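Both complexes below contain subunit A, partnered by subunit B and then by subunit C.
Up next is the complex of A and B:
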């Protein structure tokens, strides 16, 4: 099967969902969610039959589309993340109905369900893109869908504010990436990454500065995508204001695709001797600064959603540690492993948080007080997520950090590893703060029952189980990595 | 079923059962015990299947690869199971006894608190124990070694509301940690010198020690420290009698039949290595000989039925360790482990039956005359007792004789300590049986005692069969083929039964009639040679002193300066950083631009 048919299928699915939303008279939109989940699951299954050999060599897209192991792995990754977003949305429809004005009940839910599917297609293209034009187009497809989704709760000021901020700063970063691409194109005369790699050695030394300028600008935009310091200022506000399923999607899908593009874009330039030193320096600085900023800022947080947003910045820092060590062969699998672990634990945390905040009416840490007594299963799931995010042994998060640190040590970045270990200690503090609230603090007076849909239960159970399986037997995941 | 699959199922089924019990057993006692018994039973059937097939097999998989995926990896941690002549009989022993004890437990624990927790603990224990038996490398064995320690801790502390149970659990864990620390150092020495932790590769790589044979002995003795802790050898034996605070089936399974024998199993596992270090074998033999005699002395003057059995366990473990030190094959010690597992398990289960009949009274001086009230228990406990004493014709007699004969070939010291141990064993075992079952009842409970339910009595009968018969050559040859020692004079073969008879006769002479209290009082033995008091003093002076000093350092220097100051400073940094997050979009755009300039400056500046 030609791999590109997966994206075509997902786009078709998204459009079909929009059409159904328009023409089917039903106020209960959950069938759309199930349709989306089923369609994405089919695409997930079909992805195992897709092979790059089936791309015709003379196809018009052959030069800017790749389906190597990494691309296929992250196509599945995006599909899985989107399925989880739809599952979260099932339990979230009441919030959407409250904050989106409409004549009839259920207005707006359909679009909210189909936009993530279209975003997913963008993510899938993004991880396959090997040409600056394709990268830019797929990046914009993803980003524009996210502008809409973040600002979706039209009656919620927070959501609107978040949408505005994301739009303005996102536009700024888009400007930088286009400008950077033009500089690179100006120097090399190519937009295809493989072609650029071939041209680089023949360039006169005088053009290296111009090339670095272009790469730097592209790097700025990608740092914005993956939330690395100092381009992360949008993160806490946008994460807090956005609808929770979208926050999770933004935090996992957008970040993962950003890192894949980063790996693809940086590879030719890192392999090119004269630029290597400078680029490695800047990556090390970005890693260190992101680690410090993300973890220190999370310390005084009392709002769980903001805390998770800072932690998302912190995790970008750990990932940057491996990006800065790309010379080590194991760096790429380590990044992919970490991103997969990050998907598991972040979604688990966000699913629990969405359920609790919907019933209690807030997402401060104090709203989680006494959760272990009220809903032991939810508290247990949150516990697993927090332990894994903090990096306790026998969880996926621990193994991810272990591999990343191992790679950084092999590359000789000892000070970065020391810094990483120190920031992990900070992480223990703020993640366990949540655990303390759940298990050792009395419940607030208003503490209603929390009902969870079957899909939510199944996905939480599966995520928690996977966190342990991957943490105890990492080979099970490493075998799948491209 | 393929043997590979079977061995994986044997290992992992119990842990799945433990998880199942924790998740689904809270509401139903039937589910809890049913899952545990099913797990043990299936593992038992598969173990017998592997035993009958008799094929050697190693299955190994890499647990964690650190490094490149496509090339030979620089560092991997394997999980490997080895099914061989050593692990097959051990699997059979562990799973069979576990199944019987699990069944017995449903009767013993029927009216106790924490039924679900208890069976989950048992299943966890079975998983850990099977991991030790199947491990093909030091790292995996050490992991399961520690897991066994954890499950032992959980089960000893089952009645956690009792202070004594909590203390005993802590003591068992901590004393074992002391031994395990040595074990870990030993593993590190082996790994550091030879570069491998696989049992199959180690003997071939011992050349790496050449020129420093002292280091080999040191490494072996360090690993032996693990045995000293787990198998309760002198001087780390103190935890085992206290561990009797746990429920009696636990004492039977963990602290008599299987877990404490793990230390001996470890020695048998590394026997091909030990053979290269006669010095280490000498140390091991002496520790074993001293333990088997010393524990017998203490056993003479104990009054708690379970403690008597606990000291006899220590003493018998001493014989096994002596067997490792003195015999040219590990099968000798394993043979005694095998017979001991069945008769000691039987004895403990019988004592559990007595204790249940006596309404949880454990003092033998409050019992008496139970022979008529509990006839089956009496009969079974007598069979177990005869096997323990080494009565000719019973299982223990065969295996113990063999060890003593091998000890004779290595010198008079070990021989006389071991032979003396036979006398002491006969003396205290007869004392226990006589005072408990014969004579007149010494309390109301003893007058009203009744036989235990069938679910408890049937395992007793099933265990009595191997206790009586397992030593006979027609059974032994299937499990542990051993050649008789050469150069042992004929009189040794007559001396040992003579010593046994003398011990029994002396005990009957002292305890005949129905004395109300012990007619012989030897405070030195009754107070456990004052070793526990000595340790308490050492702990008080050395450890409490150190603890006070380190507490002061911790509070004022580490906490005050190191932790609190840096925590406050870190927190303050975080708080300050938060002011960058002012929520104003123009400011964010400004920071963004500043970031771009900084990044480009670093990139482009020369």
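Up next is the complex of A and C:
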């Protein structure tokens, strides 16, 4: 099977969902979520039959599109993330109905369900893109659908503010990436990454400054996408204001695809001797600054959504540690492993948070007080997520950090490892604050029963189980990495 | 001749670009932006890129500017005019600008080869529009299709976000 048929299928699925929402008379739109989940699950299964050999070598898209192991792994990753977003949305429809104006009940839910499916197609193209033009258009597809999704809850001021902020800063970062691509194209005359790698050695030494300038601009824009320093300041407000399923999608899907693009874009320039040293210095500084900023800013947070947003910046820092050590053979698998662990624990935390905040009416840490006595299972799931995010042994998060630190030591970046270990200690403090609230504090007076749908229960159980399986037996995941 | 035209249009672009930022009245700013776009389009014409020049005028000076003016009409102009200059923000902006121009100068000065006249065409000049269309539908078909999905998403977004609020 030709791998590109997966994206075609996902786009068709998104359009079919839109059509059904327009023509089928029903106020309960949740069947669309089930249709989407089923369709994406079919694509997930079909992805194991897709082989890059089925792309005709003379096809016009062959120079824009690759289906190597990393691309296929992250196509599955995007499909899984989107399925989890749809599962979260099933329990979230009441909030959408409250905050989106409409003539009939359930207005706006259909679009809210089909947009992530189209975004998923964009993510799948992004991880396959091998040409600056394909990178740019797929990146924009993803970013523009996120603008819409973040601002979706029109009656909520927070959501509108988040949408406006994300739009303006996103447009700025788009400007950076286009300008950077222009410089790289101006120096090399190519937009294809493989072609750029081929012409780099023949360039006159005088062009290297211009090339570094272009790569630097592209790097700044990609830092925006993966929420890394110096372009991280949008993260807390946007994460807090956006609808919770979209926050989870943004923090996992957008970040993972951004890192894959970063790896693909940096590879030719890191392999090019004269730029290697300078780029490595830049990446090391970015990693250090992101680690410090993300983890220190998370310390005083008392709102769980903001806390998780700063922790998302912190995790970008750990990932950058491995990006700065790309010369080590195990660096790529370590990044892929870390991103997969990050998917498991972040989605688990966000699913629990969406359920609790929907019933209690807020997402401060104090809203989680006494959760262990009210809903022991939800508290247990959150406990697993927090332990894994902090990096306690026998969880996926621990193995991810272990691999990343191992790679950084092998590359000789000892000071970065020391910094990483110190920031992990910060992480213990703020992640365990949530655990303390759940297990050792009295419940607030208003503490209604929290009902969980079957899909929510199954996905939480599966995620928690996978966190332990991957944490105890990491080979089970490493075998799948490209 | 072509060099003389370059200086004229480049100066026009920069002068009106500065006007966009410095003028207090938003309508004047928008008009300056139109003129700046025209200067950029003229630069494309002097480089024989007629298609891009025309698109620059049609899309930016035409469509985008009309949209800008609509938005400006909905704004409260008096509040905008009464706003004080924010000195630290301005100083910061100038510092960033100076740094950027400095880096740009350093990059451009690093290679003498960047300073050269426009090379002559090696292949006979054919219709721009035809060439762009052919490239779009053959070699660049995948990005073109992705842009199709992008426009679909943007359309859904506009419909959803601008739906009328019911009382």
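In this text, the second predicted complex is superposed on the first by the 482 of 482 C-alpha atoms of A that agree within 3 Å, B and C clash if a C-alpha of one lies under 4 Å from a C-alpha of the other, contacts with A are read in each partner's own complex, and residues count from 1 in each chain.
Keep this in mind: a contact is a pair of C-beta atoms (placed from the backbone, for glycine too) under 8 Å apart; a residue touches a chain by one contact, two chains touch by 3 or more.
Since this is a predicted model, take the numbers as computed values, not measurements.
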First (subunit B), second (subunit C), both or neither touched by A:185: neither
Partner chain(s) touched by A:394 [first = subunit B, second = subunit C, both, neither]: neither
Touching partner for A:296 - first (subunit B), second (subunit C), both, neither: first
First (subunit B), second (subunit C), both or neither touched by A:213: both
Touched partner set for A:11, first subunit B, second subunit C, both or neither: second
Partner chain in contact with A:473 - subunit B first, subunit C second, else both or neither: first
Subunit B versus subunit C as contact partner of A:164, first or second or both or neither: first
First (subunit B), second (subunit C), both or neither touched by A:65: second
Residues on subunit A lying within both footprints (that of subunit B and that of subunit C): 209, 213
Contact footprint of subunit B on subunit A as seen in their complex: 164-165, 168-169, 172-173, 176, 209, 212-213, 215-217, 219-220, 224, 229-231, 233-234, 236-237, 278-279, 281-282, 285-286, 293, 296-300, 329-330, 333, 399, 402-403, 406, 426, 429, 473-475, 478, 481
Partner subunit A, residues of subunit B touching it in the complex: 61-69, 567, 570-571, 573-575, 577-578, 580-581, 583, 585, 587-589, 591-592, 594-596, 598-600, 602-604
Contact set on subunit A toward subunit C in their complex: 11, 15, 18, 60-61, 64-65, 100-103, 108, 111, 114-115, 118-119, 121-122, 125, 133-134, 136-138, 140-141, 144-145, 147-148, 151-152, 154, 204, 206-207, 209-210, 213
Subunit C residues within the subunit A interface of the complex: 103-104, 106-108, 110-114, 138-143, 146-147, 149-150, 152-154, 156-157, 159-161, 163-166
